[in-house]
Amino acid sequence: MKFGILLKEGPYNHQAADTAYQFVKAAMARGHEVEAVFLYNDGVYNVTNLASPPQDDRNIVQRWSELGDQGVEILSCIAASKRRGIADEVLSRNASITGLGVLTDIAIRVDRLMIFGD
Amino acid sequence: MLHIINKSPYCNGSFDMALRFALPGDPVLLIEDGIYAGRAKGCSAEKLANALSQHEFYALIADVEARGVKDLNEAVQVIDYDGFVELVEQHKVNTWL
Amino acid sequence: MGEEVKKIMHVVRRPPHGTIYPYEGLEMVLIMAAYDQEISMAFIGDGLFCLLKDQDTTKLEIKGFMKTLGVLEDYDVEQIYVDSKSMAERGLTPDDFCIAVEVLEPDEMGQKMAEQDCIIPQ
């Protein structure tokens, strides 16, 4: 099956980014294709390369970059990003900024759009 | 349709809302703080007991263990992330944020 | 993209202005409405307060979304559903709302939800 992920909260404050990540890993392990993780609302904070969490904690921003290496598109909504100061110059590896039209295409194309948030 | 709840029934209406609109036979998955709705104790337990006659309930084990909850209603089926994905394969999803 | 039209429902359960969710939710709805899919909105619980007439956010210095609600019809988002039980619980009637809505009983709303390909909580 084809999956898309819509993540509506930033890292750490809510569990949403953790649950979404674990879901993506499990879906890929079951042989599914996860097309994209689309970041909306405060979810756009998942792709700032200015984050540097303590060494003994998970690095949520880096997790998304690593999923990018495995072919998952990491997409941040342009309107939500601009509002919150997420721009190309602070974008983490493998992330890109795009429009809600792309989310619409994803929603149309995938078998399941999974939503994670608060 | 799979209904996913991620909030405690004690602070949020997600549990009530999901049950209001779920069709008989729809499964319900409790994740994150939603797992507290799966407990056999507390004033939410009766709601769960009633709902169990119409819905299968699942709870994500990672969230159950992380919260030290040991008093889930025994009819609630505990699953891992792999089981989560399997449920999503079988059902369309309605997430109650 | 195939020829099939997908049914996408946006569910609003939060009141206006306290958080940005309903506002950014409407932004998403308007974009999706341009894609010739079957878009609907469901207002449930405190989400009904988003529909109240005469919201004036001037003093908050927040843009608000009264105008956006008004243009939904122009974007062919005509399926706007309200949960009858949430409405009664809050002592509201359709006359309190700034746009025309279709009031559904919980079982009817449940049926509408079951028909969707995709449900997006806002």
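Each chain carries a letter (A, B and C) given by its place in the written order, and its residues are counted from 1.
Basically, a contact is a pair of C-beta atoms (placed from the backbone, for glycine too) under 8 Å apart; a residue touches a chain by one contact, two chains touch by 3 or more.
Protein identities per chain, from UniProt: A = Sulfurtransferase TusD; B = Multidrug MFS transporter; C = Sulfurtransferase TusC.
Because the structure is a prediction, the values reported are computed rather than measured.
Taken as a graph of touching chains, this assembly is complete, with every chain in contact with every other. Two chain pairs are in question, A-B and B-C; the one with more C-beta pairs in contact is A-B.
Averaged Cα coordinates give chain B (Multidrug MFS transporter) a centre that lies 26 Å from the centre of chain C (Sulfurtransferase TusC). Shown for chain B (Multidrug MFS transporter) are the residues that touch two or more other chains, namely 92-93, 95, 97.
Among all residues of chain C (Sulfurtransferase TusC), those that touch two or more other chains are 118, 121. For chain A (Sulfurtransferase TusD), the set of residues touching two or more other chains reads 8, 115, 117. Within the complex formed with chain B (Multidrug MFS transporter), the residues of chain C (Sulfurtransferase TusC) that make contact are 13, 44-45, 83, 85, 106, 109-111, 113-114, 116-119, 121.
By the touch criterion given at the top, residues 1, 6, 8, 20-21, 24, 27-28, 31-32, 34-35, 37, 118, 120-121 of chain C (Sulfurtransferase TusC) touch chain A (Sulfurtransferase TusD) in their complex. Within the complex, the chain B (Multidrug MFS transporter) residues that touch chain A (Sulfurtransferase TusD) are 6, 31-33, 62, 80-82, 84-86, 88-89, 92-93, 95, 97. Here chain B (Multidrug MFS transporter) touches chain C (Sulfurtransferase TusC) in the complex through residues 1, 13, 17, 20-23, 26, 92-97, going by the rule given at the top.
By the touch rule above, chain A (Sulfurtransferase TusD) contacts chain B (Multidrug MFS transporter) in their complex via residues 1, 3, 8, 15-16, 19, 22-23, 25-27, 29-30, 32, 112, 114-118.
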